[in-house]
Amino acid sequence: MDAWTFARPSSARRNGNDTLDLDALASCFTSSACLVTQTTSGLIIGMLLFLVAVGLTLIFGVLKVVNFSHGAFYMFGAYFAMTSYQLTGSFALAMLCGAAGTAILGLIFERVFMSRVYGADVLMQLLVCYAFVLIFDDVVRLIWGPEFRSMGMPTAFQVVPLFIAGGVVPPYYLLLIGVALAAAIVLGVGLARTRIGKVIRAAAYNPSMVSALGINTGLIYGGVFAIGGLLAGLAGALAAPVRSLTPGMGFSVLIESFIVTVIGGMGSILGALIGALLLGLIRSFGSLGFPLFTEGLMYLFMVIVLVSRPSGLFGKEVA
Amino acid sequence: MLDIRGLSKSFGGVKAIHDVTFDFPDGSLTAVIGPNGAGKSTFFNLITGALTPDAGEILLNGVDLAGRSPPEIVRQGIGRAFQVASIFRSLTVQETLLAAVGADQRRGGVLHRRFPLAETRDRAEYVMELLGLANKRHRTAAMLSHGDQKLLDIALALVLDPKVLLLDEPTAGMGPEERWRMIDKVRELWDRQKITVVFIEHDMDIVFKIAPLIVVLCYGRILATGTPDEIRNNGVVIDAYLGTEHGAAP
Amino acid sequence: MKRTRQPGISRRSTLTLMGAGALTFAAPWVARAQAKTIKIGMPTILSGRVAQLGTSSRNAVTMEVEKINAAGGLAGRQIEMVIRDSKGQPQEAARVARELVNTDGCELLIDAEASSGAFAVHEVARDLGVFCVHTNSETSALTADPKQHIPNAFRTARQGVHDSIFGGSYAAAIAKGKGLKKWATCSPDYAYGRDTTAEYTLYLKRFAPDVEIISESWPKLFQPDYTEVVTKILQAKPQALYSCLWGGDLTSFIDQANIYAMFGQMEVFAVNMADYTALTVVKNLPKGIHSGNRYIKTFPATPENAAWGDAYRAKYNEYPTNWSWENATAMMLIAEASKKANSADGKKIAEVMRGLTIKCPFGADGTVTMRAEDQTLIGYAIGWGTTIPQEPYVPDVKAGDWKIILELEAEWKKSKGYT
Amino acid sequence: MTELQAARAADSLSAPRLEAGSKRLRYLDLLVALAAFAVLALLPLVSDSKALLDFVIRCSAYGLFATSLNLLVGYTGMISFGHGMFFGLGAYGYGLIMQRIGVPIPLAFLATLAITAVVATIIGAICVRLKEIYFAFVTLAFQMLIHSTILSWSSFTGGDQGLRGGIPRPPFLGIDLSNHVHLYLASCVLLVLGLLAMRQIAASPFGYTLRMIRDNPMRASFIGIDVWRAKLTVFVLAALFASTGGMVMALFVSGAYPEFAYWTISGEGIFINMLGGVATFLGPMVGTVLLLILNDTVTRFTEYHGIVLGVVILFFAIGLRKGLMDFVVEWYTQRRDRASGQG
């Protein structure tokens, strides 16, 4: 057994088993305090991830582009929010700047660069995105410096956390979940009910038809990128008070968002929501039961989903 | 020869093919006709293994092919050409056919020799000559004209030396003149090869002119079978099919 | 949306581009360095997430080199630093190190890499026999393990086991005083985090045997979200928490633990807190976090140390990091050894350097020593104290006793089979 | 092509002569390989630059890896984002065998290939069912899984610090790989042999089967090709060459690190392919040389290499819209056609 456990240095003292700590996991299910805390913690992780992932899935659904540079929008959202918060001291304005700034960035990125490679190979599109991952990280380094930064929590939220059924829930995270849920609802309803939403869905389904109807597809594509950028930027802005800001911070978020969209099904908004929540819960409960393999657990879950349902849980069946 | 028994397939409650039974005689030339959505292409997809039937048997010389994979079915001797020419865009005509023969001879996995293999040459040559593609052998498939691409598609099916050849609308998307050239080719092919040919066709003039045997599909069922004269005078067919189709299409 | 574009690049410009590329590439091979100057190569991390540490290493070295050159250089030869980015990738670190020696003609190497890069550069030093000082890898095995030992490689970085011995005894004293029996740990899941945590708890329990570890969390390096870790710790309800998270990960963790009001509920021992990069960034620093010193200009509380810290701050408009003093110490040692040997030759410097003690602002007693037996630095300032959210950040630092540290280190080495 | 040219081309290459022609091409390949090796082998005699030899060794490692990736991407149309896992597997497999068991180098080499084949068969059997972007993602997931495992299983793999303490290189048959020139020659031999073998795969009937699958997998199955099996075969073959590249890398740095199995290696492989071109056999090799030169020069001058590299990528992706070799070949054929059209 020895060499096959994911072992730690021999001098390490562990109270539980090695990789597995199933007792901790099991005992959590018997305590409402633990259940509430871990479930909300899963929700928090999931909802923030959802904001990034939904933009990714929307862009893929409409443009069939895997936007590899999506993490950079999240990063810019955080930096924009931090700078405007430092200048104005207004939290609301910081959120707005983070979201609006990246929306504009998304629009420019799509119109000036991505629109040139729609006809080309998928790999060419990926390369353009990859190029901007590199460029954006260095641009942030040039503007804000290589050191990590912190925005700080607004005083309004520096309060005692709430206790619900024995579980701990910080008010700031309630706000975060609320904003993300609101974004999900606005997006879902907007796509289903409004005229613009219908046009976007039509463009996803049949772009040539939409352009034949005299609608400017370029505008739609740019708009979709702007919405995607806005959501990612909003996520970055919301994360800025609790996460440290560094160049390249978008990367790990991007990877997790990819897992979310792939599990949920590329192009499915509901899939992104469910996928994000699932991943959040895997993380929060996985850290109890598999403290050393939480990350691996996510990839394992992704492999299992992909193998059993290649198009993801809510994706359209691939022929 | 090709004996279809009780073949059925439904998609989410819609019966695309329902209890179809028909025996295509050895060396016959049969046209499958029917209005849009009659299940013609589904019928072909079931026979060639692109779709798995819900029920029924597909017997080729007594061997049941139902539920087998396309490569297996091809090896049993059912070749197929597609409605939209399905070719290998980056290969030349000659490469395409040489590689196809290689695949048929189970030499597609050979690693230690160079492409093309000498033993694949004769059959490829023969088919190129047969379909008049020989002078375009070094053209890349993507650069061929629409008609030539359709011919190459048929050549691909033919080069495997099939017992049964299924042609899904060989004249689709062609101008009137080109159509007749293509149909002459099909006819000539059937004459020379002495194989069983089944083709889907929309143009009634063509069907009535060249097909000795006609199967009419409608809503997934066989509505009628017979010679051109029998079909032409079949009241049910006229009502159900000719009425709608001729009304819709010029 | 398909758009066909004619490739718009002329042949001439393509050729020019290729020519230019070939030229810049060939240049270093053409140039052959044999001048009066002595080149010192330094692979370090100048891009990516920990670029700040690399640049602070570069700053410190540059500052020291200016002093040495002003004083006449190494045995009369002016130092020219050749500093290259390894992007934090071990294979790049190895490549850059080889190139620095083989192509750029560097005669000495300063290896300012993080752990895995340091092991890669160590192999290059083994292969090429070039004089090399590891300045940043704190992994004890790099010098403690006799299998790693080569005569031409030294280390001027602090060592995980030293930190842990004193950290453990410091924590044990507080644990006994306040009755902290239930402990949790939360450290990054990689070699440094695991080894340091294991050694820390080992010594904590040695000095306070009734301590019990009731929960462990192992977030990934650079993990953005620690929510599940924070809630897990809260579930366990420990009386004290140990963490060796560092840099941005530590500040993220503090920000996220803050809104769960975690710091009111337990004593926190975060060895990497007392580092200016973290201290100056955290906006709502909780009071009274226990931390080991990384670099702090008020400890040791000597005029030399304060002067060095101020000079650095004045020159670069930022605070020095833990990596800064480690690199500065390397240059000080090289300069002193070269003076004693009256040579800039790597072999001669190495001979003198073994066992050399020099005056140094970062020494616990004003001096540091390059221990001869395993060629690693001892006698540097080690202390623990509690943090406050403004200058001087750690007002009262309790200094470690090197006598005890060395005794227990010897014992630890024996237990590891290193002697 | 005009009708006339087609006819002329047909004349010059009628079927029987085509056969002989392909045999000639085979000898030509062999000749080119020998010449390339001769040039490489003479290099240490002409230049005493160790950095140049180092550069060629790194080119061997990355070149084998990138060219093998092109067997998947360029020839079969399988975009793998996880090919780097086999590069890592090669480096770790070889390193661990040498450190723990200490067999002769050729034996360790073969054993590593065998391990790679087994692992690639298992992973491939799961992955190749999926198409396009889903294939890309599942290979990426496997790559991350393997990377996570290397990090977590530190008692065996050394965790994030990699295999430390050097990998032993005992001499065999008079070849001493701790000698720089020997190591250089050995990696040249591996590179040339590897390229020759991959060239053979690309030009074999199997190579054409792959092209057919790339162009039209549905049609390929309708002419009797077992697409799944062919894809799995090329997946495993490509893994073997990637693994060889990893072993060369492990020999070069005398260690193995988790970065070798990280997704960025796969990303670099794809980048190299796009840089050099996927439609030409030697495209990835050209891309390797380009990327390494670019990397080595740019990091020399600036730490903002992200911007520089990004702009270069944009130049290729938006400006040329294809890799350098593809661009050159296309430009050359266009020019020739124009010339022959006028003449």
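A, B, C and D label the chains in the order they appear, each numbered from 1.
Going forward, contacts are C-beta pairs under 8 Å (C-beta built on N, C-alpha and C of every residue); 3 or more make two chains touch, one makes a residue touch a chain.
Because the structure is a prediction, the values reported are computed rather than measured.
Q: Counting hops between chains that touch, how far apart are subunit B and subunit C?
A: Steps on the shortest route: 2.
Q: Counting only C-alpha atoms to place each centre, which chain is farthest from subunit A?
A: Ranked by distance of C-alpha centres from subunit A, the top chain is B.
Q: Just the number, please: Cα centre separation of subunit B and subunit D in whole Å.
A: That gives a centre separation of 41 Å.
Q: When the C-alpha atoms of subunit A and subunit B are each averaged to a single point, how far apart are the two points in Å?
A: 49
Q: Suppose each chain is reduced to the average of its Cα coordinates; what separation in Å results between subunit A and subunit D?
A: From the centre of subunit A to the centre of subunit D is 34 Å.
Q: I'd like the Å distance between the centres of subunit C and subunit D, where a centre is the mean of that chain's Cα atoms.
A: Using C-alpha averages as centres, the distance is 37 Å.
Q: Residues touching two or more other chains, restricted to subunit B: which are they?
A: Within subunit B, no residue contacts more than one other chain.
Q: Residues touching two or more other chains, restricted to subunit D: which are they?
A: 152, 154, 304-306, 321
Q: Counting only residues that touch at least two other chains, what does the list for subunit A look like?
A: Within subunit A, the residues that touch at least two other chains are 8, 116, 138, 141, 292, 295.
Q: Taking all chains into account, which pairs touch?
A: A-C, A-D, B-D, C-D
Q: If you look only at subunit C, which of its residues touch subunit A in the complex?
A: Interface residues on subunit C, with respect to subunit A: 1-5, 47-49, 51-52, 55, 189, 194-195, 197-199, 201-202, 205, 212-218, 220, 222-225, 227-232, 234-235, 247-249, 251-252, 255-256, 258-261, 277, 281-284, 318, 415.
Q: Quick one: in the complex, what on subunit B touches subunit D?
A: Residue list for subunit B touching subunit D: 48, 50, 69-71, 74-75, 80, 82, 86-91, 94-96, 98-100, 102-104, 107-118, 121, 124-125, 135-139, 143, 156-157, 160.
Q: Would you tell me which residues of subunit D are touching subunit B in their complex?
A: Answer in residue numbers: 1, 6-7, 9-10, 13, 15-16, 18-19, 22-23, 25-26, 200-201, 203-209, 211-212, 214-216, 218-227, 229-230, 233.
Q: Mind pulling up the subunit A residues that touch subunit D in the complex?
A: 2-3, 5-8, 19, 66, 113, 116-117, 120, 122-124, 126-128, 130-135, 137-139, 141-142, 255, 258-259, 262, 266, 292-293, 295-296, 299-300, 302-303, 306-307, 310-311, 318
Q: So in the complex, which bits of subunit C are touching subunit D?
A: 5, 7-9, 11, 21-22, 24-25, 28-29, 46-47, 51, 84-85, 87, 89-92, 94-96, 98-99, 102-103, 115-116, 119-120, 122-123, 126-127, 139, 141, 145, 147-148, 189-191, 194, 221
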